[in-house]
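Here subunit A shows up in two complexes: once beside subunit B, once beside subunit C.
What follows is the complex of A and B.
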C-alpha cells in the first residue's frame, strides 16, 4: 500500500508541476514542442538527464547486472559517453539549424520531402522500440507493489503520460522532467546508501567477492556468445552514437537559448549522469546476495524494487520499497513523455501536416500503439530493447546528422540510401536474433547487438552514394551556417 | 520576380525557427542576388572565414571523437586483457570493478570539457 501511495504522490506532484507549466505555455505549436527556449541551462540539463535516465537505467541496469554480471555496467558508461559525442558533434550545430526535429533538420539540410517522410518513419520505429520497455517497467513495478495484473500498470502508464503531454506539451514536460531527475537520484541513491549500511559487513563482503565465474568479468557478453570484447565494443558503439541520433534527445537542445549554451548543457548532463550511475550498481551487487532467486524464477528487471523488502523487514522495508518504486515510476514517466512527444511530433508534423489539436491526437494514438506492443513484451529485458533502440538510432540518424553537419558533400540520394540500409540492417538483425538460434560465436553478437557492423555500413552507404552525385549550390552555405557563432 | 513565383513549402516549425533567428529561408535555399562591387569582396571574406572556422571545428570534433574512442576501447581492452585486475582489491572492491564503475565518468567529463573550451575559443577567435 505504501508503494501505491508513493506512486500516487509522485503522479500528483508531476501533475501540479505540469499544470503550472501549462499556464506558462502559450498554445502555439513551437511552444508546445520546444518550450519557447526560455528554459535556464541548469534546469535544462536536469530535464535532459531526467528524460534520459529511463527505466533502462533505474530498473534494467541492476536487473541485467544480476542476470549477466558486472559487465552490464558498460551500458551506463555508453549512455554517458553518448553525451560527449553529443557535445562534440551535434549540440551546437543542431541548435543553430533552427530545426526542431530530425526530419526538420533533414529538410533544412537536404531539401527533400521524401527524406523528411523517411526520417519520420524511422522516428516512429525508434520511439516505439524505446517506449515498450518503459511501459513494461511500469507494469512490473505496479505488479510488485500492489499485486495488480501486469497490463494494469502498462495501461495506467500510457494514460498518465499521454494525458499530461496532451495537456501541457514540452514546456510543462521540462519542469516535470527536471523534477523527475531529482526524484530518481534521491529515491535511488538514499535507499542504496541505507541498504548498504543495513546489509551488514558479511553481506557487503560477499557482494564484492570476486569469483572466477563469468559474472565477475568486467565485460559484457550477449547470449553466451563467447566473444565478450566484441559484444562490449558493439554495445559501446550503439549507446555512444545512438545518443547522437535519438530524436527526443536532439529535440531537447532547442530549448537552449544559444548554440553555446546547448553545448554547455550537454556537458552538464554528463555530470548528472555520472552522478546517477554510481547507484544502480549497488542494487545489482546486493541483489546477487539477497535476491538470487530472481535469476531462476523471476524477472530480474524487478530487482531494484524487490531488494529493499528482502534486506529490511517490516515497516521500514515497505517504506523503502515505496520510495524506490516511486523513483522507478518517475523514470518511465519522464522518459515516456519525451519519447511520446518526439513520436507525436513525427506523426503529426512530418507525416501529416497539422497543428496542436492533431498533435494531441497523435500523442494518444502513439501511446495506444506502444501500450498494445508492450502487453506481450513482459519477458523482454528492458535494457535489451533499449539497446536496440539505440542501435537503430546509431545506424540511421547518427550518420545523417554527423555527415549532414560536418560534410558538405552529403546528397539527398546518399542520405536516403544510408537511412534505408541502416534501419533495415539494424531492425533486421534484432529480429533475426529473436527468431533464430545461431550457434555461439561472433554471429550471435552481430545479430543481438548489431551496431558494430550496421553503423559503419550506414556511414559507408551514405558516403559512397553521395560521392558521385552533386550537392545543390546552397549546400555549402547550409553547412557553414551551422558553425558560424552568433 | 512575379507574384505567382513558386515558393518552397516547409514545415511551420522550420519557417518559424528560421524567422526567429532573423534569417530568411530564401537566402539559404537560392543563390542570392548579385551583390554590389564593394559588398562582393566583403561577402567573399566572410565566406572564407566561415570555411576556415568550419575546418578547424571539424578537426577538433574528430580529435575529441578519437579521444573518446581511445578511452572506451582502451578501458574495455585493458579490462579484457588483464583479468588479474579482478584479483587486486582496493578497499575491498576488485580493481577491475572499480575501474568500470567509477573511473570512466570523470574522464568522459574531462574530454567533453576540453572540447567545449576549445570550441568556444575557436568561435571567439573567429568572431574577433
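What follows is the complex of A and C.
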C-alpha cells in the first residue's frame, strides 16, 4: 500500500511540475531572456541524465549483476562512456546543424525524403525495443508493491504514461526531467546507504568477497557461451556507440545555446551518470547475499525492490520498499515519456506528413503497441532488451551520424543501404537469439550481442556503396557548416 | 450490340488515356521549365518536346541566338543563326529546310525560339505551350519578389504613431526618472536595429522575443505600467529558427487592436513551448477581441488595410515557408480577448537563423 502511495505522490509531483514548471520562467522583467538563454548546463545535464537513466539502470543492472556476476557492470560503463563519444563526435555538430531528430539530420545532410522516412521507421524500431523493457519494469514493480498480476501492471503503466503525456507532458520539459533525475538518485541512493549500514559487518564482508573465476570475474559472459571477452567487447561497442544514435537523446542538446555548451553538457551528463551507477552495484552486491533465491526461481529484475524487505523487516522495510519503488517508477515514467514523444514525433511528423500532425493519437498508438509487445516479454531481462535497442542504434544511426558529420563523400544511396543492412542484421540477430537456442560458443554471443559484427558491417556498407556514387554538390558546404565554430 | 458498346467504351477509354497522357506531358513540361529557359530543366524539356513532336531534333534557343538546350543531333551554328535571324526579324515562323523555327512569345514579348527538324505535328500550338510555361516561371519569380517586398514593407512599417509615442514617453521621463528613460532609449535603439536589419530571412525565437520584449517595454511605459506583460518560454524552443518578424507583428497587432481600444488595464502574454516536433508560440491578450468572421476575412486578406498587413502577411509567409497546413490559428470573440497561435516544425530544411 505504501508503495502505491509513493508512486501516486510521484505522479502528482511530476504533473504539477509539468504544468507549472514549464511556465516557471515567468517574468515581467526584461532580464528574463538573458536568464533563460543561460539555462545552466548543470540543469540541462540533469535533464538529459533524468531521461537517460531508465528502468534498465534502476532495476535491470542490479538484476543482471545478480544473475551473471560483476561483469554486468560493463553495461554501466558503456551507458556512461557513450557520452564520451557523444561529446567528441556529435554533440557540437548536431547543435550547429539545427536538426532536432535523426530524420531531420538525414534530411539536412542528404536531402532525400526517402532517407527521412527510412530513418523514421528505424526510430520506431529502436523506440519500441527500448519501451518494452520499460513497461516490463513498471509491470514488475507494480506487481511487487500491489500484488496485481503482471499484465495489469503493464496496461496500467501504458495508461499512466499516455495520460500524463496528454495532460501536459507533451511539452518536453527540461524541469520535469531534471526533477526525475533527483528523484531517482535520492530514492535509490538513500535506501542503498541505509541498507549498507543496516546489513551488518558480516554481510558486508561476504558481499565483497569475490572469486575471480565465476561470479566475480570482471568480464560479462552471455548465457554461458564461454566467450566472455568477445561478449564484453560487443556489449561495449553497442552501448557506447548506441548512445550516439539514440534518437531521444540527441534532441536534448538543442537546449544549449551554443555548440560549446552542448559539449559541456555532455561532460556534465558523464559525471551525473557515473555518480548514479554506483548504487545499482550496491543493490547487486547485497542482493547476492540476501536474496540469492531470485536467481533460481524468481525474476532477477526485481532485486532492487525486493531487497529492502529482505534486509529490514517491519514498517521501515515497507517504507524503504515504497521509496525504491517510487524511484523505479520515476525511471520508467521519465524515460518512457521521452521515448514515446520521440516515437510519436516520428510517426506523425516524418511518416505521415499530411495535415497538422496528430500527436496525441500517435502517442496513444505508440503506447498501445508497446504494451502489446510487453505482455509476452516477462521473461526477457530488462537490460538485455535495452542492450538490443542500443545495438540497433549503434548499427544504424551511429554510422549515419558519424559518417554524415565527418565524411563529405556519403551519398543518399550509401546511407540507405547501410541503414537497411544495419537494422535488418541487428534486429534479426536479436530475434534469432530469442527464438532459437544455438549451442554454446561464439554464435550465441554474435546473436545475443550482435554489435561486434553489425556495427562494422553497417559502416562498411555505407562507405562501399557511397564510394562509386557522387555526393551532391552542396555536401561540402553542408559538412563545413557542421564544423564552423559559432 | 454488346460488342459495339464494348468497342465504343474501349475507344472512349483509349481517348481518356491519351488525354491523361497529354495532360501529364504538359504538366511535366511546365515543371521542367519552372526556372525559365536558363534553368536546369531546359535540357529535359527539349527531350520531352522531341518526344511529343516525334521530331529528329529539337533545339531551344534564347534571344541572343544561343542554343540553350538540344535533343537529337544539333544544327550547325551557321544553320541555326540563319533560321533564328529569320524568325527574330519578323517575329514569325521560319522555314529553312530541314530546320523550321517558331518564335516563343512570352507575355507579348519575343523571348526565344523553338527550332525543330523533321517534326510530324503542328509546331505553333506547342510553341504557345512552351511560351505559357515560361510565362508561369516568370510569374512564379515575381510572386517571390512580391513576398520579399511585403516583408520589406513590414519592416519599414513601424508606424510614425509608435515612433512619436515612444519618443514622447522617453522625453517625459528624462527629468523624473532618468534611469528608466535611459533603459527605454536603449530598448528603442535595439528595437530599431532589429526591425531595420536587412540580413537573412530567418531569426531564432530568442532574437524575435528580444524584439518583442523591447517593443512591449516601450508600450508599457506609454500605458503607465497599466499593462501587465508575461513572457513564458520553455528553453527548448529558444534556438528554433522561424521566419523573421513573425512574432513581433502579432504582438503589435494585439496591442494596437486589442488593448488600445480597451479602457482600463490590460494584460498580454507571450508563451512558447515544444510539442513533439513542433514549436508553438501563443500571443494572448485580454483586449476587445473581434468577430471570428472578421478575423477570417483579415486572414484571407480582405480586412481593412490597417490590420491586413500584419496578420495576413505573417499567415502568408508561414504558409509559404512551411506548407499550407501551418498557417496562423486565431481564437477570438468580441469582448473576450484574442489568442493567436503560431505552430511550426522545429526543423525544416533550408530554414536557418543567421
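What we mean here is this: the second predicted complex is superposed on the first by the 454 of 486 C-alpha atoms of A that agree within 3 Å, B and C clash if a C-alpha of one lies under 4 Å from a C-alpha of the other, contacts with A are read in each partner's own complex, and residues count from 1 in each chain.
Note that in this section a residue touches a chain if its C-beta (ideal position, glycine included) is under 8 Å from a C-beta of that chain, and two chains touch if they have at least 3 such contacts.
From a predicted model like this one, the values you see are computed outputs, not experimental measurements.
Colleague: Have a look at where A:281 lands relative to subunit B and subunit C in the superposition and call it first, second, both or neither.
Modeller: The answer is first: A:281 touches subunit B but not subunit C.
Colleague: Per the contact definition in the header, classify A:341: touching subunit B only (first), subunit C only (second), both, or neither.
Modeller: A:341 sits against subunit C, while subunit B stays out of touch.
Colleague: Subunit B or subunit C: which reaches more residues on subunit A?
Modeller: After superposing on chain A, more of subunit A is contacted by B.
Colleague: Just to be sure I read the superposition right, which of the two partners does A:480 touch: subunit B = first, subunit C = second, or both, or neither?
Modeller: A:480: touches subunit B, not subunit C.
Colleague: Does subunit B (first) or subunit C (second) touch A:108, or do both, or does neither?
Modeller: After superposing on A, A:108 lies in contact with both subunit B and subunit C.
Colleague: Which holds for A:406: it touches subunit B only (first), subunit C only (second), both, or neither?
Modeller: First partner only.
Colleague: Contacts for A:291 in the overlay, against subunit B (first) and subunit C (second): which applies, first, second, both or neither?
Modeller: So A:291 meets neither subunit B nor subunit C here.
Colleague: Who does A:359 touch here: subunit B (first), subunit C (second), both, or neither?
Modeller: Only subunit C is touched by A:359; subunit B is not.
Colleague: Name the contact category of A:205: first (subunit B only), second (subunit C only), both, or neither.
Modeller: The answer is first: A:205 touches subunit B but not subunit C.
Colleague: Subunit A residues touched by both subunit B and subunit C?
Modeller: In the superposed arrangement, which is not itself an observed complex, subunit A uses residues 30, 33, 98-101, 104, 107-108, 111, 254, 349-350 for both subunit B and subunit C.
Colleague: Within their complex, state which residues of subunit A touch subunit C.
Modeller: 22-23, 25-28, 30, 32-33, 36-37, 39, 98-101, 104, 107-108, 111, 170-174, 254-255, 257, 341, 344-345, 348-350, 355-357, 359
Colleague: Considering only the defined contacts, which subunit A positions touch subunit B in the complex?
Modeller: On the subunit A side, the touching residues are 29-30, 33, 70-71, 73-74, 77-78, 80-81, 83-85, 87-89, 92, 96-101, 103-104, 107-108, 111, 116, 204-205, 208, 210, 216-219, 228-229, 232-233, 236, 240, 254, 260, 263-264, 266-267, 270-271, 273-274, 277-278, 281, 349-350, 353, 406, 473-474, 477-481, 483-486.
Colleague: Enumerate the contact residues on subunit C facing subunit A in the complex.
Modeller: On the subunit C side, the touching residues are 183, 187, 206, 209-210, 213-214, 217, 228-236, 238-239, 241, 271, 273-278, 325-326, 343, 345-347, 349, 351-353.
Colleague: List the residues on subunit B that touch subunit A in their complex, please.
Modeller: 8, 10-14, 16-18, 20-21, 23, 28-31, 47, 50-51, 53-54, 57-58, 60-61, 64-65, 68, 71-73, 76-77, 79-80, 83, 85-87, 89, 92-94, 96-97, 99-102, 104-106, 108-109, 111-113, 115-116, 119-120, 123-124, 126-127
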